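Everything on this sheet refers to the single structure shown next.
Naming follows writing order (A, B, C, D, E and F), and every chain is counted from residue 1.
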C-alpha cells in the first residue's frame, strides 16, 4: 500500500482538515493487512450512570488529529515499528447487549485469528468482556490483565442483569479469560458499597493498587513495584476514570482522588510487557467532556498502548 | 393529607431551595391517593442516536420549581381542579428494554386500575409503548393518540430489534392500542429514509400534520382544523423534538424546522379533549440542554397536560 | 473632546481588540459632558431564582464591540443625532439592596439633574425602581412606562421583603413614579401563581399585552395598536425575559412561549415616543448564556433605545 | 463502484458509529467519478470577529450522520437523482489567505473542468470568492448568485486587506464573477456602519431582501416574489448567520433578528433554479455552537442544496 | 423507621432515578429523630464575585446519587455507625443576609439542642457564621475550627457591610465562637490585598497552613504535623476553593495553585478529631461547574465529614 | 497622575463592576509614563489547530478583576515597587501575519525605546517573535529566554509558511534574538513528529527541561537546578499549554501530562532573574476555556511576571 501506514502530515494538510481517522492513519478493513488496528466499539448499553460513551470513537478520532508518532519516553517512532491502521467501528446494537457481545466477539475473533492486534476505543467498560473472550479463544489460555480504573469492576448483577460495565472483571476471571494472580488493577479508590466489595479480588488473588498505595511512595518506586509480565499474552484495559475527574471529566462514573495523566503515562511507559496482545481505552463520554481534555487523555493512552506493542518492522 | 396537594410556596421557601419534586408538589406513592400523578420513567435504552434521556426526570423536577399553578390561557388553578402529586420514578432496568417494558406496564397498570391518571416524563420515546399497553388493558379499547413529534415513529426494526424509540407508534397501532383513524401527529417533518416511510401512516389512516401544513395557515386555523376528541379515552405523547432545535436543543434526534413553544402551548390549549387519560413528555436529554431551556419546555408541556385533565374537584 | 463620540473603527482596530466599552464609545464620567450615557448597574441582589446578572454590564460591553451606529430601520446614524458615551458602572453594594437603591437613585439623580439621559444595563429588574425614583424627582410627574417582560412584576413581598425583582412595577405605580393608565406591558405570559396576580394591573388600568394578544394578529397590527406616547416623559424597561428562552437563555427566570428578537426590534422601531427620558435592559445572566446570544439581544435592545432618544445634534 | 453512492444504513450500522463522511456517503477523490461532491474548505483566516470556522467541515460531517436521503418537500430521494460523494477537504493554508485562495481556486477548477458540481462547507465566507473565480472560468460568464446572509458582504478593505469574509460579494461583482442584476441577497439586516454601506448594492442593482421585507408578508408570498433563475448557471451561498442567533449560535458574527430554519428550508425548496452549478454553506464556528444546532442547520442547508442540483440519473 | 437510614440501593433503583436526596438517604424533618443530618443552606447573598451557590444543595443532592456508604480509608460503613438523613434546606431569604442569619441560627440551634449533628452544604461561606453562633450556644464554649480554604476569610467590611463571605472567620474569632489558638486553616494561598491581611491571624495565633507549607513536605508529614483535636467540640468548614480550580472550577472566587481532591481526602482521613460537632461544605457554584466535578468533590468532602462523626451505633 | 497606579479597590467598587482593565489598573497610553505596561496582542493568525487566542486579552482583563497586588511568596506589594498600567492592545491585522509582525515590533519598539517594560498577553505564540525583535534592537544583544511550553516551538515551516506559532523559538535563535546557551525551556513533553525534532535544540545547546526531568526530583530541587540569569536582559515567555489540560483547557494545542499551576508559580517565584526586560503569556483560547480557569492561570502568571520586574520605586 502506497501510504505505508504513515499519518497524513500536519505540515501539508492542517490537522483540523480532512476526514477523521485515528491519528490520521489510513483506513483498512479489520480483516485487512496491518499489524495493529485501532478500532471503535461505540456501545454504551452497559452503563449504569451517565451514558454517551457511544460517541467516544468519533470524538477520539477527531482529537487524535493532534497525535504524533514519536514517543519521546521510548525514543521510538511507532510507524517504524508496526503498521497501524484505523479499522473502523464494530457494528454494535445499541439497545441489545447480548447481540452486541456476539458481534464484538466475532469481529475481534476474526481479526485475531488473522494475527492482528487491536486497540479498542469504547464505549463503556462492558465491551471488554467479549473482547477478552475472543482473546481467550485465540491464545488458548487466560490473559494477564493490567486494568486501570477507579472501580474494581467485580460487582455482582444489577437489576437482574449479569453483564454491565461494573462486572466485566468478575466475569473475565470467573470465565477463565484472565489469570487473576498475574494481573493487576491500578488507580482503584473508594467509596465502596461495603467491605464485601473486596471479597472477590481477595479470593482470586488479584493485586489491587489503590490510590493510597500509589501515592504513598514515589512514582518511580510504584512503577518498579509492578511485576514483569514477560512474554505471556497480556491485555491492558484503560478506563479513563482511573484519572481524576479534573483530568477526565468526560466519563460515566467519575470518582474524585484519581490519577493524573502524567502518572498514567509514566506507568504505561514503565510497564514490562513483552507480549501485549490487545488493549482498550473505555468510558469516554464526550457529552460530559470539557475542551476535549478527556478525549485527549484517551488518545494519549492509545498512543502509549501502541508503543507497548511488539515491533514487527525492523528498526 | 394536610398539604392538600398544594406546591410549596415560592414566597416562603425560595424556588431554588428544598428537595426537588415536580412543581414542588407533595410526594405520594404511585399507588396512593391522588388524581393525577407526575411520574418519571428514566429509561434511554431505546435511543438510536444521543442517549441521556435517563436524566430527564431529575432535571425536569429541578426546573419545575419555576412552575406555577394558574394557567392563564385556561383561567384555571390546577390545584383547584385535580389533586396532583409527584409519584416518583419507575424502577427501570437501564440495560434491558424487555424487562423495563414489563416494569413500566405493571407500574402504570397498577395505578391505572386504581383510577389514577399519570403524566410521565421520559426517558426516550420507547417508554410510550408499555404505557399504552397498560392503558389498553385499563380501558378495554384502543386510545385516541395525539402525538407531537418531528418523527413518525412508525419505523421498522433496527439492528434486528423490533422495539426502539422510533417504532412505538407502529407497534401501538399494530397491537391495537391506538385507534389510528382518530389519532393525529403534529410537527412531523423530513428528511425521511425514503418515500416508503409514509406507507404505514397512509395505510392506517393516521392524520399527519406536517410543519408545512401547520405553517401554511394561521395558528388559529390549524388549531380549528383538529378534530374533537370527545369523551373517548385520549392519550397525548409529547416528544420535545416536535420543537425546533432552537427551542429544544437537549434532545436525542433533533430536526431543524420545528415548532416553537408558543405554537405547542397554543395547540395544547386549543385541543378539544374530553377525557385525557394520560400523557407523556419524552426525549429530554439534559446533557445536551443549554441553560435548561429544553427542560423548561418539557415542564411547560407537562403543565398544559395537567390543564387538560378532567376536573375531579368542584370549581 | 477630540473623539467626538465616535466609536473606535472596526476597520482600524479589530472588534475583538481593545479595552471594552459599550459600542466601543469613549469613556466619560457620568457627570461629564454627553447626551446619552450608557451605564452598568451590576446588581443581582433582588433576584429570586438564578442570579449572575451582576456580570451583565461586563459581558454586554464585550459583545457590543459587534455593534454599529447606523440603524437601518430608522435610517439614522446615532452618532449624528446624540453624543453617546460609556459612563461606567454604579458602585453597587452586592449584599445590601437598601444601600444599593440609595446609590443608584443618587447616581442617576445627579446625572439627570445635569440634563443627561441614561440607558442602563442591569443587573436584575429590581434596579429599575430606584432609577424611576430619580426620574420622578427630575421630571416632577409620573413617567409613562413601556415595559417589556414575561412577568407582570407587580408581585407582593416575598420572604418578608418588599423590594425584589418581581415587584418593581407595583412599587413604581404605588409610589406614583409611573402613570399606569398611560403605560403598557409587552410580552407578558403565564403561568401565574393565581388569578389574583392580575388584580393589581386591572385595578390600576395598566395595559397588559400578552403573547396571546400579540400573536393573534399581524405584528404590524399589534404595533399600530400601541398608543402614541407623545411628548410625555417616557421610560422603557426591557427585561430580556420578554424574549423566548430560545432567544434569551441567559436570564434569571425564563418563561417559554416568548417574543423573538425580530418582534421586539420591530416593536421598538414602531413606538411613537417623543420624549424618551431613559431606559434599561435588565436580567442578562451571562453564566447561563450560550454563545453570547442573550448578550447580543441585550446590546441590540440598547441600540434601539439609543435610536429612540431625541436628537440633540443637527442632522 | 459497488456502493452505488448510497449512505451507510442507520438500521445496520448505528448513526453514531463509523468513520464520519458527509451524510455517511462514500469517499471519492475530488477528481474522481461522481456527480455532486460534498467538500470541506476549513479556512477561517478571513474572519473578522470569532474564528473557528476551520472546524466546520469536521463537525458538519459528524452531525450529518443524522441526515437522510428523501426530501419530503420535493418528494425525491437524492440518491436516485445524482451520485453524491464526500470528496474530502481542500488543503488550505491556515495562516495565508493568498495561498489558500490559489489552492481553493485550483482545487475547484480542476473538478469543475471534469464536469463535477461541488457543495462546499466552510470555513468563513472569504472562501466563496476563489470558488466563484473557478466557476467563472468554467462557465465563461458571470453566475447568478443567491446569497443568504445577515450581512451584505460588500464591505471595503479592512486593516489594509482587500480580501476578508465581509468583502466577497463586492469582489465577486467587481471581478465580473457574478451578475448582480440577476442575483439576490436574503436575510440581510442591520445595524450598518453607515448609510453608505448600501451604496454598492444600489449602484450594481443587486436585490437585497431584508428581514423587514421578508416578514412584511406571508412566507409563500415572499417565495413567490423571487425571480426564476432559469437555466443560467446559478450559485447559492448560504451563510448560517442568515439565521437568527437562536437558530445558529455557532457562527462568527451573529446578528439578532434573523431567519428561522423553517423559513430557509421553505425558501430553498421554493427556488426556481434550473441550473445550480454549485453552492456553499459557510460560517459554522463549532466552538460557539450549542448542542450542535448550528451544525444541524448547516447539514440541513446542504441537503436542500443537493435537492436543487439537476438530476443526472433517471427517475 | 423501616428504612433504617439506609440509602436506596443502586442495584435495585438505578442511581439516576428517583427523587434526589443526599446520598439517596431518607428524608427526615430537621427536628426529627436521626444522628447526623445533611442539610442545605442555599444562600449566596454574601458572595463578592460569582454568585450561584444557592443552587449548591440541589446539585450536590443530585450527584450524591453516585455516593456509597463504605469508606475504604476508614474501613467503615457509615450506616453502621450513625443514622444519617437528609433534613432538607433552611428557608433562607435570598435578598436579606440579616434575616437569613437569624433563620440559619435558629434552624441549626433547634436541631443542636435536640442533640443532632448537622453537615451543611452551602451556599457561600457567609453561612458558616450563624451556624457557629448556634454551636456556641449549644456547647457553651468556643469551638475548634478546621478551615479548608484558599482565603483567610478574616477580611474587613466591604462596601460598608460587616458580614460577607470573606469575613466569617474574623467574626467567628471576634465573637468568641472559635478558639483561634486551637484552630487551623488549610490550603491558604495568595495573592493578598496587602501584608496587613495577615495581621489578624498573627494577632490571634491562628495556624495558617499555606500551600507552600503543605507542598514543602510529603503529604503524610503534613498530616502528622496537624494537632490532635481531642474531645473538644470541633467544627470543620470546607470551602471548595481550597481545591485548585482544575479540581473545583464551580466556585465563587477560585485561586490557582490549590489542593487536589486526593490531598483533602487524605487530610480529612488523617485528622485526629474526637468530637466533630458539625461541619459544612460551601462555595459550590453549579453554574460554573463543569461535568459536575466540583459537585462531586463537595459530595466527597461530605462523605469524609460523615466518617469523622462520632459513632452512635454499635459496630 | 492622581491614581498613583493603584487598582480600583474591590471593597469600594465590587470586582465584577466597572470597565475592565488588567488588574483594575489605570489605562495609560503605551507611550505614556509608567514602568511596566500590561498589553494585549490579540492575534491568532499563527495558530495551527484551535484558534480564538484573539479573545485572550479581553477575557484575561475581565478575570484579572480577581487579582490582588500583594505577592505572598515574595512578600511584596507590586504597586510599591513599580508603576504598572494597562496600556491597551496592539492594533493587529487579524488576517495578515506579516503586517501584524511589523505593527507589533514597532509598537513594542517605541515603548522599549522610552524605557518601558511590557508584559504581553496573547494571542498565539507567533506574537513572541516580533516582540523579541524589538527587544533585540533595544538591548543590542541576544536575550536570555525562559520559555514555558509543552512544545519546543523550533519547528520548520508549515504549508510553506516560515512563521507560525510553532516556530518562534527557532527563528528567535536563528535571528540572534535569543542566546540559546543561556536559555531554558520548561514543561516540554511529547509526542513529537520524529526524533529529528530535537536536533535544533541539541545543536544550539538550548536546555530543555522535560516533564520527566522536572518530576523526577522534588520541585525545590528542580528550581535549584535552574541557572542564575544574573543581570543579563532576560525575557520570559509563558505558553499556558505548559500547564496540563486539566489546568489550562482553554488553549490551542493542549498536551496531556503537563505542569500544575502550583508548579509554575513555584518555579516563577524561584527564578533568579536580575533584569527581566519583558515577558508574555500566550495561547489562551477563551472559547475552549471552562469556568475561566485558563484565564485565571494566565492572570496568575502575569502577576508573577510583574513580581519579577526590577523595582523602580523605593521600598
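In the analysis below, a residue touches a chain if its C-beta (ideal position, glycine included) is under 8 Å from a C-beta of that chain, and two chains touch if they have at least 3 such contacts.
All of these numbers come straight from a predicted model, not from anything done at the bench.
Number of steps on the shortest path from chain B to chain E, with steps defined by chain touch: 1. Where touching is counted per the definition, the chains common to chain C and chain D are B, F.
When each chain is reduced to the average of its Cα atoms, E sits farthest from chain D.
Shared residue numbers account for under half of those found at the interface formed by chain B and chain C, and the copies are therefore classed as meeting with different residues.
Looking at C-E alongside A-E, one finds more C-beta pairs in contact between the chains of A-E. Taking the CA centroid of chain C as reference, the farthest chain centroid is that of A. Mean C-alpha positions place chain A and chain D at a centre distance of 40 Å. A separation of 37 Å divides the Cα centre of chain B from that of chain D.
Look at where the CA atoms of chain B average out and do the same for chain F: the two points lie 55 Å apart. In chain E, the residues touching two or more other chains are 12, 14, 16, 48, 50, 54-55, 91, 93-94, 159, 244, 246, 288, 290. Each chain pair that touches appears in this list: A-B, A-D, A-E, A-F, B-C, B-D, B-E, C-D, C-E, C-F, D-F, E-F.
Remark: chain B residues 12-14, 16-21, 27, 40, 42, 54-55, 57-58, 61-62, 86, 88-94 touch chain E in the complex.
By the touch rule above, chain E contacts chain C in their complex via residues 44-48, 50-52, 54-55, 91, 93-97, 99, 159-161, 163-164, 287-288. Contact residues on chain B toward chain D in their complex (touch as defined above): 48-50, 156-159, 189-195, 197, 210-212, 215-216, 244-246, 249-250, 253-258, 288-290.
Interface of chain D with chain B (complex): residues 10-12, 14-16, 65-73, 75, 77, 219-220, 244, 246-247, 260-262, 265-266, 290-293, 296-297, 300, 303.
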